[in-house]
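In structure tokens below, several structures.
One chain, chain A, appears in both complexes that follow, with chain B as partner in the first and chain C in the second.
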Partner chain A sequence: MRGLIAILFFVVFVGAEAQTNVFLIGRTLGEKIIANGDTLRVYGFAPNLSTHPPIPAPLIEANQGDSVHIDFWNVSQLHHHTIHLHGLDVDQANDGVPMLSFDVDHMEHGWYHFKAPHAGTYLYHCHVGSTLHLQAGMYGPVIIRPSDGSNTTWDGGYAFDTETMLFMSEFDTFWHTDSILDHEHDNSAVHDSLPVPKYNPDYFLINGLSDHQLEDTIELNSKTDYVNYFRLVNIGYCSNKVVFPASLNAQVIDSDGRPLPVVDLTDTVEVYPGERYGVLVESSVPVLDSIEVHYFGMMTGAAENVQYVKVDIRVPDQVVELPNISGLTLAPNPTDLELKVAFDVQNEVELAIRVVGVDGRLVLSEYSRTFPSGHQMVIIDTSLLPGGQYVISFTDGNTVTSKSFIKR
Partner chain B sequence: MVCVLGIQTIFFANSITKTIYINAGQSTCVDGKQMAYKAFNPTAVFEERNVQVSMEVTDTLLLQVINNDSVEHGFDVKWTVGLRDTVQAGDTLNVVFSSTDLGIFIYYDHLSYPNNAYMGLAGIIAVGTNSNTYFWNIKDHELAWNDSIGAGGVVDWLNYYPDYFTINGLSNPNINSDTTARVEGFVGDTILIYMANTGQAEHSIHFHGYHCEILSSSMNAGHVGRIKDTFPIKRMEGYVLQLVPHQIGEYPVHDHNLLSITGGGLYPFGMFLTILIQ
Partner chain C sequence: MIGESVKTVVLDKKSKLELVEIKFLNTTSENLELKWTRLENTFPKEWDYSMCAFGRCQVGIPKGGALRPVYPGKTGFLAIHVLPMGSKGAGTVRFKLIDPADERSAQILEFRVRVE
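Right, the complex of A and B next:
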């Protein structure tokens, strides 16, 4: 009998698979601050009742092979919604198309289940009145990671050090007025018949932000020789052209959750509505530049807008603690006219300070003196330095530590 | 002793003879409105759907184009050279076409480009078809523009904003009644979809439930072999897609520029159909 119990237990253990549970709330009275400071009414998927639905919606993340269970609670009076798992090739019952599976009415729960397929980048969005509900904000990303959850593009794929998602969409602020968002539903019809206004987008978004909102929020901060993986997603109604700086040596390696049969060595990636691309970038030298994200109208092909994502790739700092020295800071960084170097000295010490380019060439005269104990500050005139990355190093004759800074 | 026999495949070239008529008429939109339209039809009777030509890579197509309209028209096959010609009202043009590779070609009226093609005069030649082949001839129209061009007017393409979106001349839900467009099959079938954008807008066709492999791409040969669920398709671009369904069900295929799943400003009466796999 003990042997039988042991065998049964073993079978259950082997058969068990990891489970990912997701809880999302559908809302139609969300608020979103746009680049001009105005507050826009949005629909969306929220993680709880106390926050406005973020745009894009919360990331759904699982490992390949996981069982994923989504509990979708619709708290949006008048409106019914669904979750379509875009690109995940789920079965019909879980596909989120109202007339072919089911929809979720106000204060009801809907449950979606699927087994995480190929590692890659996917989407989820509402498929009720989808032209209106997507523009209103009901979309979010899905990342399926390799079976072991590692920083690898897929099982046996490319390892990466950093990961950045650029999730493109647009806002037409007229579509976010009550007259459009409070549309009627005809639950008895096979299709909701909904009037759709002319589309004139006035905000062009990356991860829900545009223009000055992108500064210091969405950027690639990385180090030389790191492998950086970009996930490009377009859920808007414009086409996108994402242009990487040539110095990043971009390689397009996957699309729509599948590896490309041939890696595409190109700096320019076109991403159309519903598409996803994976791009690896890497540089052996510092890069201070921008990725351009262009938006084009699908009806005429006319250029509509360009947004920029900052790229700041630096030589890794040498983090070696100098005896007697602590709290070393550089400010401002990036700098324009001068760099304030602050640190604390425990016991009097003689230090040599050097500023070199990333090629190791001395660009300012070496500065050397004896510092007494206590808080110290050295101001370096950087006004004549050309723009770029520099390394400032400190040595007491035995040990060297360095930090990098950017001159604009 | 092992004998290795040389295997020789012998292809028999067939000649396919087709007659197509250039007809002008009125297209009935999904909401019942009518707009001026022109198409290459199998008879002298106008219909929105252009003739779909299927052939094997070894076949030779002998095409007779009869201009049943009251004005001169042109005829050309995209991605070929030497076929461009014109045909006067009431006249007949003979065209010989062949291809050595599987692929999709767009035949169209090149005169006053893009106006005549936009009015509907653009169809598909599918090379390398099998018994599970489907045709998606994608078009978009701004009703007022069809009427204006049809009346000899001038339009500014920079201001184009189409309000009707069709596959083989039909919009949702009528597309599903077109057996050449609506994919029906079984798990494990090898299904070929010949898809061309003969409209003036760009589209991004998304499959629910399945990924497809690109067997041929008219503009990006380097994309052959990619397996995707969403296929951007530019003006006068064509794809041959291979679908091998792994699961049963009824799943939509639609433009993910969701503006294009409207008709006359109403959702969802545009470029949206379903696939049925049993």
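Right, the complex of A and C next:
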């Protein structure tokens, strides 16, 4: 009986611990399209055999306290790799530093196990010939969420409405040529150091993209009074200076997976290679601006490049359905000269239409008329409106609904 | 060629075919600088797969490529890896292995896989 109780307790204990399984494949003939349209050869960690490894590598995500198991399969003949779990405080056997634990040869599996530590932002990367393998693309993010998986920074931390990761790195395209990447692996070397050329990065990346590739892909689209959490990560060889617009009221709250003892109220955050910072931003008024990400040479301190991340914070739409109205659309949005307002009327209704600024001030005179049933379209002349966000509201006398638009 | 130039593998849909290879020996006194082209690929689209051509492990199975030089007396190979992703089915991949210096000596290599 005592044995049965012991077994039952064991089962309950094991069952209570959530498990996260991760499968990654090491590759050295990956392809990545860069901003000028060229295809660059990259190394990387891929989620399957038939797709090129993404840059950065797939996100590893777990809740604090979870048991995480990584099955790393190396399918890249002539190259050894590891997964180093940067900042996760794992034991030495699972640390992925080859001379202290193990490396993974072609067609071998490497297993890494760890218990997800304090909620925060971490990294993983290959630690074989690290200088080259990192630049080649073998890096990715790790997010440890609070124990309950909620949208809070850590257990008992700040709640947030949106979350954006800015994962900074660079490409030196010369390093991505066969003559550099087809290096020989020296099994006998205690520390696998490889000769590498002078580093002259020519593409400055955020989440693996740069310049026009960032448009409409990496940006903050949010609402006024929302709390927005940025995870800043630098895995490149430049230092970064991330400058938030003053209107976002940035607060730096955590660094390298741990809360800061004192919140730093600053719009500018310096992020050095391997570092991570957590920043909360919030605005009570609409913001149409950009976050600047500056890149500086580590040896020279010289400014190398700036990339921009669009910020578009708007007043939330008032989503109250008018009983007789459906399918309300505004186009184009953003607009230049005119705004086409389309909707369907179920039964004849008298509607008043107003355009107001986000401060509630009437900017275009009220338009009131009776609409018959069927599809309706109203064209509003916006040519004289100054650039900014506006709200168009509809009322049938009892109920009001509104939608926002941007005048360029 | 070392062994057969056609390899047939049968596996369970829950298992993985991590590696099956067709090997060949360089019996000449010169480096062999070979190329390969894909002639056919009828693997089901549900499967996840890729191939290695001596020293160059590709993503998926592209149309063609080159092998690393095979030194005299050394062995080269073409290999495939298949993860059936729980899907039954059957398919064949055929490659043509070419020595650009002697195209008449081209060899056909074939992998037949059935998942049950």
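Following the convention adopted for this analysis, the second predicted complex is superposed on the first by the 393 of 408 C-alpha atoms of A that agree within 3 Å, B and C clash if a C-alpha of one lies under 4 Å from a C-alpha of the other, contacts with A are read in each partner's own complex, and residues count from 1 in each chain.
As a working rule, contacts are C-beta pairs under 8 Å (C-beta built on N, C-alpha and C of every residue); 3 or more make two chains touch, one makes a residue touch a chain.
On a predicted model such as this, the values are computed, not experimentally measured, just so you know.
A.B. asks: Check chain A with both chain B and chain C modelled on it and let me know: fit or clash.
C.D. replies: They fit side by side.
A.B. asks: With both complexes superposed on chain A, which partner does A:52 reach: first (chain B), second (chain C), both or neither?
C.D. replies: Only chain C; A:52 stays clear of chain B.
A.B. asks: Is A:261 in contact with chain B, with chain C, with both, or with neither (first, second, both, neither)?
C.D. replies: In the superposition, A:261 contacts chain B only.
A.B. asks: Between chain B and chain C, whom does A:87 touch in the aligned arrangement: first, second, both, or neither?
C.D. replies: In the superposition, A:87 touches chain B alone.
A.B. asks: With the two complexes superposed on chain A, say which partner A:199 touches: chain B (first), chain C (second), both, or neither.
C.D. replies: Only chain B is touched by A:199; chain C is not.
A.B. asks: Quick check for you: in the superposed arrangement, does A:384 touch first (chain B), second (chain C), both or neither?
C.D. replies: neither
A.B. asks: Return the chain, chain B or chain C, that is in touch with more residues of chain A.
C.D. replies: The partner with more contacted residues on chain A is B.
A.B. asks: With both complexes overlaid on chain A, does A:131 touch chain B (first), chain C (second), both or neither?
C.D. replies: A:131 sits against chain B, while chain C stays out of touch.
A.B. asks: Could you grab the smallest C-alpha gap between chain B and chain C in the overlay, to the nearest Å?
C.D. replies: It is 23 Å, taken between the nearest C-alpha atoms.
A.B. asks: Which positions of chain C touch chain A when the two form their complex?
C.D. replies: 18-19, 48-50, 52, 54-60, 68, 81, 83
A.B. asks: Residues of chain A touching chain C in their complex?
C.D. replies: Chain A reaches chain C through residues 27-31, 46, 48-53, 73, 75-78, 106-107.
A.B. asks: Name, in rising order, each residue of chain A that touches chain B in their complex.
C.D. replies: Per the stated touch rule, the residues are 84, 86-87, 89-92, 95, 97, 100, 129-132, 134-135, 190-199, 237, 239, 255-258, 260-262, 264, 270, 272-275, 298-302.
A.B. asks: Which positions of chain B touch chain A when the two form their complex?
C.D. replies: 140, 157-162, 172-173, 200-204, 206, 208-211, 222, 225-230, 232, 246-252, 256-262, 265-269, 274
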